[in-house]
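Both of the next two complexes hold subunit A, though its partner changes from subunit B to subunit C.
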Partner chain A sequence: MKKEEAEEIAELLKDGKGDFTVAELTVGREELLESGIEEAHAADILKMLGRREEGGLKLAEIKSRVNACEQLSEKIKSELNEKLRAVRRRLSAEKLDAILRKVEAKYEEAKVEPREAVGIVAAQSIGEPGTQMTLRTFHYAGVGAIYITLGLPRIIEIVDARKKPSTPAMKIKLAGEYATDKNKAVQLAMEIEETFIKDIAKIEASPEDMSVWVSLNERELERRNIGREEVVAKLSGLSTGTKAGTKAGTKAGTKAGTNEKEHAVEIEETGAGRLRIPVQTKSYHELLRLEEKVSSKLAVKGINGIKRAIVRKDDADGEYIIYTEGSALKKVLEVPGVDFRRTTTNNIAEIAEVLGIEAARNAIIEEMMETLDEQGLDVDARHVTLIADAMTMEGEVKSIGRHGLAGGKSSVLSRAAFEVTVDNLLAAALHGERDELRGVTENVIVGQPIKLGTGAIELVARRSGGGSTQAKGQ
Partner chain B sequence: MVEVAVKEEGKKGRRGKEEEEEKEEERVKKNYTKYEKARIIGARALQIAAGAPVLIKTEKMDSIEIAVEEFEKDAIPITVKRRDSR
Partner chain C sequence: MKKTKVAESKILEHALVPKHEIMSEAEVKELLDSYKIRKAQLPKIKSSDPVCKEIKIKIVGKKGGKNKTAEQTKEKERTAEVGDIVKITRQSRTAGKVFSYRLVVE
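And now, the complex of A and B:
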């Protein structure tokens, strides 16, 4: 299908969708028929609406939607027909049929049957390629060189369900003009990148006049689109003072004492973009503390946690994308100009929190497949999918560690079989633990068939003898 | 047979119930998994090896081969019980 066609269809569908609600969708059958919709379609639509016959209407919308659907199916049909015709030119009907049947058979073959040990197979299918992975690799995303943990450490990170990856990073896709205009994209990147005073100014502590000098860098200010007033405003929010006073105050439970020794800073603006911040209490200790505060704590602009933001042009479709070091999904999604539908982070816990558990499941799959791919390892997505499912099925992201899936209460015997056998058995005996002999290990220990594959099948006598003979033992 | 079951719906007699069970058996039989098939053939082969009468006419002498043939001819009076897995 051509791109224009696809866009056209998307437009049509959009017309129909948007602000659809069930109430608006209640339309009578008569109206549908009157508007020139075919009988069969009208029935379908009514069915979709829960067979409500009466109600308000947004006929135009429904009509356009139905039209769009029809057009789409027509297009798919013609597309397929074309392919079929092309194939038939070289193939007889029987041969085509044979091929299709073979494809179907292959598909059926690929399905796993009930009682298959899919978990073990998935574990092995990821474990073996894992042995071929580089132990420590870093990857540069683009010229700006953003480090991203990859390889085995990354896989371990994902499976461990860490709250924060060792190298958080985001891929921010842009909407509308931002995606096509480089300047706008760069501007947005600057808005997002967390900027500290030290990034835009030189900070010096001067013992001679007991003050901290901040020399603003005009070029950086302009590049990052920051006004001098903003900087001054930020700086004046500072306060100096000893922590001792604060602590004593809270400990004593008196609120009054808290600010006793804290002073708001005074800022003197001198020429040439230099700011002077005098220290209130004349002590070198205070001076150094103030310098430290100014240089490390004060963010002038940007989103907390985004250490760096780099704009890169996507090779595939030429749109500009912002890559960041550091991640703050929730805040970034709120920034106007960010396409919140396509923006992602490699922090799975964050995705689970902001977008929900299903999104987290997809993120796990995506991240794992990506790291495996990057190492040139071809692992079937279904193994990864199974792991992601197991990790997320409880509604929160759970880790898989040495003792299996977190929270899964493992049996006494399987624990004893794994580590410190005697200790485990002794502790279990003291606490009067029970073992239901559900798992594989337990059954192996007691010498029973395991509940997997052939071992999980329960045989019974058949009442009716099959085709040729009568059953025995009836 | 099927019609009878449908007609007697509501006041299911013993006959209806039995037929239902048969239908269920029929359904299961058609969809044996590879593990179920292996278990059935294995169990039957063991019986044959222990001297049970063979239920089909065959030239074969190997118990497993006989069991396989019996399975294919649907002559083995064994089926599986499927429970909801825990």
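And now, the complex of A and C:
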């Protein structure tokens, strides 16, 4: 808040126009009288409240007691309330003034001097508490066995702007009745979780009759709400034969004709929920290949990338939330029942891609603050904000380091001083680079005053004869 | 699974996405003058940014004959183009509402 604004508000309140209220204001007899409440009434009010002495009463308390008092008529009650409002306002003007002055002082205190090296301060402010962080922590979110990288490895991951975090995870908030009904939430989690054939059936390759047997697990099928037909449909999409499989089919008849090895599978349903898939070409190699295909590649249901989905009840507001291992923001946001406004992932690159650079900036701040908080470290949000700002400056998420921000510096010496010194100097020599010596690092290296704080100021003298002479400040 | 096209059109409503607006030329001039900066000194946003593809600015139709109305209504809105400045209204952790600006680049 600016000083002018603070004064403006204070002025407004003095006139009694403002409607600002401060809950912990206290009143006594004097204040009651001052606001036009008759002496007898004021005494009554104080008596009613069981107070003999003046002051030390919370206004909100008086108000609630006045309203709760049965002896007073409605008319008097409303009149009193009106007057109490007046008391509140008048009080605010004085106390608020003091409060605002304190706020202003704090604000001035938090201000950064022009030309102060905020980046260094931010680096130190995160670096120091960073030494206290656990080096290798895996935290289990909630009771479920979904673990996510935390602590120092996580901070490094964020700052390095990895395309994919080591433990991608999503927090999917639900909309409408999905958030309140556990069964619905679980059902939705099953929809989202990627389910492979091997999760719902036992797969065996039998060399005796040269076929792969798929024994469906009825209970799993029911739990995941998958019909037999779906499985069969998926399986029939398979083809035995060489890799030419799908390609040949699309590339006209020329190849398909010559490629005899390719066949669509035939599925024989036998009793007891068993499916038999015979191999066309009677080769042992082909059989194993088919088994491999069935067990590893066939997703029957769910979103690609979501390895596990667990429903948890949020302690704070009692809504059900789906936590996932693996992340696929774009696809999850499209699922009906998902509250796309509040659903997030810890994969910042993905957020940048789906929601844009500003969202990525917010995600960086949120993720870093969360990680620091979780470790019990109190780092001012301003430092983290600065880092996020620097990382997203160019419209894409850049890492801090020689491939990102530090590597993008224009000064040769500065880059060489950071990492891979020889490579940088060699490349600079080959290209005939110039160093303008504008930054801090370069000037420290060559032994010049650095342009920071007072060093950044240049003097301009105005002569009486007109024109100005510029001199470098020392 | 039924799929509806939700994400495409509603990303602007996501909690992580602050308000983006394309600034008019007059606003841009005022901004650059007040900070005494050039456009290129601002942070950047890519024209391929998902938000850039969503936000629109209304263009005041050129004064023309009445027979051009159909064309005018067509041209009334456009998405962000390279060279535009996007005004972003952020919710800051320390300072309430904060305005930030990004230059749209390739």
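Criterion: the second predicted complex is superposed on the first by the 321 of 474 C-alpha atoms of A that agree within 3 Å, B and C clash if a C-alpha of one lies under 4 Å from a C-alpha of the other, contacts with A are read in each partner's own complex, and residues count from 1 in each chain.
Following the convention adopted for this analysis, a residue touches a chain if its C-beta (ideal position, glycine included) is under 8 Å from a C-beta of that chain, and two chains touch if they have at least 3 such contacts.
Please read these numbers as outputs of a predicted model, since none were measured by experiment.
When both complexes are overlaid on chain A, the residue A:G432 reaches neither subunit B nor subunit C. When the two complexes are overlaid on their common chain A, residue A:R115 makes contact with subunit B while staying clear of subunit C. In the superposed model, A:G376 makes contact with neither subunit B nor subunit C.
Between subunit B and subunit C, it is C that contacts the larger number of residues in subunit A.
Once the two complexes are overlaid on the shared chain, A:A456 sits against subunit B while remaining clear of subunit C.
Judged by the document's definition of touching, no subunit A residue lies at the interface with subunit B and also at the interface with subunit C.
The part of subunit B that touches subunit A in the complex is made up of residues 21-22, 25, 29, 33-36, 38-40, 42-43, 55-56, 73-83, 85-86. Touching subunit A in their complex are the following residues of subunit C: 1-7, 10-11, 13-18, 20, 43-46, 49-52, 88, 90, 92-94, 102, 105. Within the complex formed with subunit B, the subunit A residues making contact are 113-116, 438, 453-454, 456-469, 471-473. Interface residues of subunit A facing subunit C in the complex, by the touch rule stated above, are 191, 301, 330, 333-336, 340-342, 344, 351, 353-359, 362-363, 365-366, 369, 380-382, 385, 389, 392-396.
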